[in-house]
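Each chain carries a letter (A, B, C and D) given by its place in the written order, and its residues are counted from 1.
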């Protein structure tokens, strides 16, 4: 499908269900896509951080895109992450995911290597030049250890290099500069500013964001769609209540990390997958290696969060 | 060839010469291999940070290993980096580089994703289980934003998971803990502790390191071999003088970064490649995208460093 | 005066005007206090980061508190920073500022030394035990390199140790956890959650904050009071427009830092003071040593921001 | 006494013994000074990080300097830390410690506030202009979150601003640049480059350092003097053995931190003080607030390290 300009609404970063042997569980992925589409989301983002893109082999990545694209069948735009270290490797990922049918690609700043604003600009320009579909920038300093400056993003938007931004910077003031700039600069049109936060969707929309890409929307897509609709309707009081319900639900991400036995990624992705299994969407909560699995007791505590949020 | 236990001596992280079109320049790479082997180095490390591994596509990476292995023809061990984000992707790299003939693989902690000591241990254990050749850990927090704890490295050595460590942590005290532990612990044998520093080779060897992996050895391999031999002979005074000559030469890495026009990687790798071109070893000093190239004036300043070090 | 529970509204962190010889300019400070009080602010915070507390001697600090307290004369609460490294030194500051009449003290986590959550809790408990007035926690990781965990803040609020939080963490999601917790936990009453952001006052108030402590309110107190009133009246559209005007004005903080000649503190505090001089409030824009002064051209560019915001 | 140019040898950063009520224990401090002087150290550094300077009130700081200066009585130089955030506050500290008899002052880069190389240079120039005694720079990024660039240090040495450097950067390569520069630059004389490391004294001396300021020298001053003498005599093999014994002893700093109950400072300073009590030098192992005390079991484990090092 044609990528909307701008893309708006709730665009979940789709989890990647795995079998106990850590292969992509295609049947579960199809069910997860249905679960999200049926809840009314406005797009899907595969191969993002919540998708464990960093853990999937190239073969697995391609299978994920093919599966999602086939199931969505053009009803919604499918964005695909092209997570790799530098321009030449990202361009290989672009070829792969667009060959598999992605409607847009989502790329970070270079990582592993040290980088520089001039190199980041060069990186996105070359990706856009080599991509048959629109490019969305992914600002995720917790992963790549570099932030994207608001003015740089806006300049690249004005050049036609970037079609949007997924902001996982944690810096809402910086994101606001992009949102306001994209609205007020005459040389920018159709740019999509999306927050990656689970916890600030109402505030991000209030200050002008186009949509949200919350990992927790895997678990409760209907909640985020409801939140989006309340915000668009200007009912900020009920929006805040819905957001606060989702904030409480999000605390599930800490079930595994509290005793120092595993890292935050193992705990958060393990919790999302346990929740999806408990809700009957996916078959198995395995996360990719070398993540540490949740214990049965930890998975049970995820269930309590679901129950408290009215989801079980 | 059989990987030595322990590997000792000077093991340059081999630069990857590129054509102006950013393809691997095989002829120049062959000349560079000869330049290093002829100078008496004790091993080669391809696909490390100085090799621009983060910038090379999988196809290019494989070509680099094949070329180096073929040219070395068993005279020296060839170690290959398997730089990727997490275990499943690293294992794909292991298959590729060992298929191309590498004698050992060099792997970092997971990156891009947040990680945890338990996950790092799991990562190395799974890599060792899946690798037909020895595994050397690569401690490079500037790239992966996690350090390797000395006790973790030693425990994995004792388990037979790790055959060595390339230490680019910048933390000589932590490296000393590994060196001393590897010498004194009864449950560890044949472990190779290698410093990745250009500037502290004499001191690292004095405290017991087995060897060095200095990027600058591309430019002056004979200097580092001489330094290694002086240290082994116990002639610390002449060793220090040689080391200080190399420290002065190393300042070339700043030629491009002084005015804030590019990042440190562009400047350092650009300087190494300019030096190799000026010394007649490689044909072209291009670095991979999105690095910013040195200006002609900056390349000229590299020549002054070479001249001051007696290399032109 | 009795400290309100909770404190609400706009509480500017008051700049400290200096003479060209870097002594406290008492006359200018009095005019600045009048400028703020006349604009309708709801409290004053002296000896915060925007006050250059880190640069003032103990004698100067005391003079600042005495001057502000005397001029305010009980019309508004005066909070005073007690910025020092650890508990015993902070307690000395508490004695000094409360002796000079402060109605509450504002304390950070320990800094310079490495610290730990257990030590931070102990720190605030001892400060509260030793302070005759309420204690507000100051979360400012950019200065102290430690953040305050939301649950820790809430538990200390429930214990009666903390009367409020000034949040300069840049992490609005974490601040939201404090705001929501303070509202919903039964064991907490009268707690004041204040954002330290200049750029997100509307969103912070929308999610439930009690007030704001924006450095830029020195320059445009009437603007922030207007913004606060619009938010409280539920007129989010006009609030957003007012906030965006203030966001544009805030860009003045970069006038000195753009060419790398000085640090961000020199530039931001220099700009605030230049603006106050241009608006006729203070006599001299000197900042404390070792900050680098703005050039005349940079100060002139501050004037352009004022003009664009309708303040000249 | 006249401050030596350069200062050489072992210069312990003297712990500050406290009573159970957290007052300076003058008797214990006098015994500690004797313990160090009798072991043959070459100078004393009071009010450094190991002295808990960050935790001492101004009154306590002055008492420490007075006590040490009186007891040393000119036999050795006494350096005093002037640890505070910015220039005006540091100058107040300079007045205090030189009034109490310090022979040199030791100052860090500005902290709490963000800073910049131009501001750091200005800071040291103003301190030197205001100090009646020589100024030694203290490079301690773990505390102040800024490093001192080698070229900046050398330029300030050439200007006569800095008489020396205490390097606690953990970056031995950067320290080497200072050491080599101070030896080879014609415009620098009498500059003293001192390592703050406990673990790399032999290597620092081998590359040309003038001396060492190891916190662990409180516990085993004779060991560090012996190590210094072996290095100066060129007996690198026995020096390495002595250094490795001290490295093993240094592991005591982790006794309290292993289970996550306290921070690194509480654990390390608690261990040093427990060791001094166990060796009969000081009366009480209390550390200043808000540090968490060692448990009796943890203090007992300190004794095992002492026994293993032959010190009990």
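Just so it is clear, a residue touches a chain if its C-beta (ideal position, glycine included) is under 8 Å from a C-beta of that chain, and two chains touch if they have at least 3 such contacts.
Keep in mind that this is a model prediction, so the values were computed, not measured.
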item: Labels of chains that are neighbours to subunit A and to subunit C; value: none
item: Farthest-lying chain, centroid of Cα atoms versus that of subunit B; value: C
item: Fraction-based call for subunit D against subunit C, same above half, different below; value: same
item: Euclidean distance of C-alpha centroids - subunit B vs subunit D, Å; value: 35
item: Whole-Å separation of chain centres (CA-atom averages), subunit B against subunit C; value: 49
item: Of all residues in subunit C, the ones touching two or more other chains; value: none
item: Chain pairs that touch, as defined at the top of this document; value: A-B, A-C, B-D, C-D
item: Of subunit C, residues touching subunit A in the complex; value: 170-173, 176-177, 180, 197, 199-200, 202-203, 206-208, 236, 240, 244, 247
item: Residues of subunit A defined as touching subunit B within the complex; value: 22, 49, 54-58, 60, 83, 85-89, 92, 110-116, 118-120, 122-123, 126, 142-145, 261-266, 288-292
